[in-house]
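These notes open a run of structures that come right after.
Here subunit A shows up in two complexes: once beside subunit B, once beside subunit C.
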Partner chain A sequence: MKILFWLVTALVLFVIVAPLAWIYLTAFKSPNDIFTTEARKLIFFKPTMENFNRLFREFPFWDNFVNTAIISVSSTVVVMVIASFAAYSFARWNTGKGHLLFTTISTRMFPGVVAAIPFFVMYRNLGLLDTRFGLALLHIYFNVSFATFLLYGFFKEIPVELEQAAMVDGYSRVDIFRKIVLPLVRPGLAVTAVFCLVWSWNEFLFSFLFTRVAARPVTVLISSFWGSIEVQYGPMAAGAAIVILPTLVAAWFMQRYIIRGLTFGAVKG
Partner chain B sequence: MQTEALSEVQVESTVARKPAIWETLTSEKYFKWTLLIPLLIVLAIFMVYPLLYCAYYSFHQWGMRGEAIYIGAQNYRQLLNDKAFLEALYRTLKVLVICVSCELLIGLGLALLWSREFPGENIVRGLALLPLLVAPLILSLLWNFMFEFDFGAVNLVLQALGLNKVYWWSPERALYTICFITIWQWFPFSTFVLVAGLRSLPRDVFEAAKVDGASPWYTFRRLTLPMLSPLIMIIVVLRTMWLIRLFDPLYGTTRGGVQTELLDWIVYRTAFVYFDIGYGSTMAIFSLVLTIAVCAVMFKILMRALEGAR
Partner chain C sequence: MAEVRLENVVKMYGKKVAIRGVSFTCREGEFFSILGPTGAGKTTILKMIAGIEPVTSGNIYFNGKVVNDLPPQERNVSMAFETYNLYPHMTVYDNIAFPLRAPRWRLKLTPQEEKKRVEEIATFLGIEKLLDRLPQNLSGGQKQRVSLARALVRRAEVYLLDEPIAHLDAKLKFSTQTLLKEFAQRYGSTIIYVTHDFREALALSDRMVVLRRGRVEQEGTPEEIYYYPKTDFVGRLVGDPPMNLIDGELVSQNGAFFFRKGEDFTLLLEGALAEKANSAAQEENGRRVVRLGIRPEHIRLGGAKSSENAFRLPIYAVIHESESSVVTFRLKDNTFLYVRTIGFCKYGRGEEVWLEFDPQRMFFYRKTVEAAKEGSLER
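And now, the complex of A and B:
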């Protein structure tokens, strides 16, 4: 029974981890080892840095990487401000009696293309296409509802009595929010911020539609290696290996919070 | 300590008198709305505006150049007879059913396996949750390569095992291959939601059932499943929300070819490849109404399930 348990567990983990590990294996393979029909070479090969060298030399990898970093960090900062205000209001006063909260969360169900059509036309007229600012705005929109809903759960956990005590002590509403509530939800703020960073880091639809060269995020660069004429598996794997690293690290350290985050705070995993 | 804090606040308020508007905004009555202003602005710009825009152009013929021509409900009439669109709709529902049911079944099985705490649990969970935060686009590119006919790892392994190579991206299989990629990324999600659920179930009920001589299958069917149903509902609702707008895995693999075009992809193709803004808006509005209808029902169920879970 014990053996069966570990056998199944090991098999499941292999199915999950092997493809991810394979990105890292491919990244260090020479083209000959990538385009091989020998099963042995999947694991046994002579490692080379060729793909990384090509990636850095022939493609604007670091420029695009910096774009991704700037866009995700700046949009996350704005999202956290907006969402923490709103989530506190929803959690403490049930503002809008649930309807507003539903409206907020329903933006997350919006097909991205619905927003994309008008904003593409508008951005073209305003000259915002292919700018980091323009893309960051869209990322704010697409993360804000998620962040509000997740933070709502964290704010709900703070006992009202604490705030009432502070009011007796003469704190104003603003002081209570700043000096009492925010420090208490710090773990929640951290978790939410990491999620927003990851979603923005991974976002593809808007990034792909609204950027060309200057503001192009790194996911779009990597997708371009899979062209209709030739496929550059080497640089693709090398780029992917670097780009997914921060998200893998985030997943590992946030493992206690991932389920909570993905269920919008409903299930505390 | 308290008196210090009190005097500090008083000093602050006497030294710098805030303007009247600030007083109003932070007053007991209006503060809750003040906090919502930024969010409402974002929602107005990014939700209301696109909605009105798409609704307006869905009654026009416009290709981004020249004047938009009013054509009444003709776009909608065309949509209901558009074979490609209806097929995309059907395929989306198919993907939805396949992915959600497979993820639930695998998740339930593994959750039962891992329902008791075991040594090394943190490592198992840490590894299992890894794919969830990786960009779906990159994962789809990865699997696209893994499923490649000649050099793909999957076929090489099949060959090494003495089996035949499979053409994974044929028109009959491609949609299922895409489903597989999605299921592979998301089954850890349902697994660990259900693990959390199983661990929060009251022990004594199950012990009582055991004492009464109930069979494991009977206990599972009559006790475990009903108690897990709020969580199963949460999984179904959330996964529906994500799956209905599946786009990235298509871009990384078939790009809507070999009979894999889904709802969001056909809207994208109409609006951004053919630049048919009018007809694209019509499709967008249609898929939006569909999503909202599905999600409004599901949100109600979800809220009821949440009450049950808490």
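And now, the complex of A and C:
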């Protein structure tokens, strides 16, 4: 039993770690080492910063990286503000008697690409194509429904009696939200914010369709190394190695919150 | 301090009626209890007084002013919830201090004053050692006392206490009752106290109401409720063992009235008793049935026939309690008759003894609850 457990764990770990390892190894290899068939060179090679230098010199990597950061952080902030009020309202007053909540969630039920064409036409007419604002708006649109749905569950977990007790204790609605509800829902907020941030950070489809140069996020830049004539593995791996770092850090940092958040309410305190 | 008056208060949840027109007055500075079995609507009434639940119709008055539309923050009430409702992210200290810090009351206590108030009430209730803990690290009884402390820490117009000592162990229950009584007297507070335990209600209240399925069954002092129950429901809810409810037949012979309990016994009813029995009697299959109620301590046992109305029954069981004994008789229709005797009962099982009902303590009721049959635990 024990052996089986470790076997499965090792397998899962391998599946998760292998691509990451490949990216980080490749990022530090010279072109010759990347394409060599020598098995030994897979791990043992002379590390070089060549790929990073090329990436920074020949491509607008940092510009695109900043685009990604601005778009994902700003959209997440807006999403969290809208979604937490919306979710609280749905959870506490059943606003719209379920229909409104369903409508909100249903925007996530069709493939995003279905909405792409009407959005594209609209954006072209509004002049929002290839703007950070435009892309952030799209991310807000998609993340608000998801975040509302997730937060709805977290808010639902907070017993309404706690708020009633606080009302009797003399606190206003706003104070109750600030002093009772928010502290209790904090793990849920953290989980939701990280999910939104990571989703927006990694988002590719709409970024690819709605940006060209000025607002291009870094995911689109990395995909551009995959050309029709050759695949530039070096700069691609170097870019990926940097881009995934923040999400790894976020996941690491939020780990305890995510685990607590996902099992929130399983055992009532 | 305030007088609280309910006038024809009705509460509906959708189409379900929870409270069916309740009226009562809790006078200023009174310790007022609401007693009733589970589901009678006690908590609902309390929540309506607090302003947490809106009334469907009827009025709630504080000092003669309608407060129906006032939110809880504007009513200046304080409430201890049956479910405690402690704020899980705050320490015990912060939980108790929370009402003191509400901007609404404009107390503006300095940290030292606040500390003094919190420690005072915590010491009063014996939880001063728990102040640094989080609610999740407390036992049920400790949580209950914290929630009580949170309710009592602030000077409010009305204190609403929902089963505030139900989860304490027997000893603490007793000492906390004493504390509550002391608190009420020290501050002259108006307290509305909800409980399902008749002992608490009798012990603490100045006056009380008995609630049954959203209706007031009887309002009065504990003495009135115990010694003069208006209905069989009250008689059975209050008392342990509860009031004996004996279903029998009212028969008249030569102008005299008798209460006949099958083959077990027949009692001659004289004067006022006959009148009472007549007004409570109901036609059933051509017979006049009536329910006789008498408390276990109002039946005398003896070795010899003491009066015309005495009758003989064999003892079914004897239960010795600390300062009294409960003697059980089994009637032919499988109902039990309980008799409480002071001191140690000298009779044993199977012995035939004479029973005599105290005519001053006999009541006649219309049947509104099922009598407890053998083997049924329904109360």
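Quick note on the criterion: the second predicted complex is superposed on the first by the 238 of 269 C-alpha atoms of A that agree within 3 Å, B and C clash if a C-alpha of one lies under 4 Å from a C-alpha of the other, contacts with A are read in each partner's own complex, and residues count from 1 in each chain.
The rule is short, and it goes like this: contacts are C-beta pairs under 8 Å (C-beta built on N, C-alpha and C of every residue); 3 or more make two chains touch, one makes a residue touch a chain.
Keep in mind that this is a model prediction, so the values were computed, not measured.
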item	value
First (subunit B), second (subunit C), both or neither touched by A:Ile180	second
Subunit A residues touched - subunit C or subunit B, whichever exceeds	B
First (subunit B), second (subunit C), both or neither touched by A:Ser172	both
Touched partner set for A:Val17, first subunit B, second subunit C, both or neither	first
First, second, both or neither for A:Val121, with subunit B first and subunit C second	first
Partner chain in contact with A:Ser224 - subunit B first, subunit C second, else both or neither	neither
Touched partner set for A:Leu162, first subunit B, second subunit C, both or neither	second
Partner chain in contact with A:Ser30 - subunit B first, subunit C second, else both or neither	neither
Subunit B versus subunit C as contact partner of A:Thr131, first or second or both or neither	neither
Contacts of A:Ala39 with subunit B and subunit C, given as first, second, both or neither	first
Overlap of subunit C and subunit B interfaces on subunit A (superposed complexes)	169-172, 175, 269
List of subunit B residues in touch with subunit A within their complex	2, 5-6, 9-10, 13, 26, 28, 31-33, 35-36, 38-39, 42-43, 45-47, 49-51, 53-54, 57, 64, 110, 113-114, 118, 122, 124-139, 141-146, 150-151, 153, 156-157, 159-160, 184, 188-189, 192-193, 195-197, 231, 234, 238, 241, 244-245, 247-248, 251-252, 263-264, 267-268, 271-272, 277, 280-281, 284-285, 287-288, 291-292, 295, 299, 302, 306, 309
Complex contacts: residues of subunit C adjacent to subunit A	47, 50-52, 71-73, 76-79, 81, 83, 85, 87-89, 98-99, 102-105, 135-136, 150, 154
Touching residues on subunit A, where the partner in the complex is subunit B	5, 8-9, 12-13, 15-17, 19-20, 22-23, 26, 34-39, 42, 81-83, 85-86, 88-89, 92-93, 95-96, 100, 102-121, 138, 140-141, 144, 148, 169-175, 198, 201-202, 204-205, 208-209, 219, 222-223, 225-226, 231, 233, 236-237, 240, 243-244, 247-248, 250-252, 254-255, 258-259, 262-264, 266-269
Residues of subunit A defined as touching subunit C within the complex	159, 161-162, 164-172, 175, 180, 183-184, 269
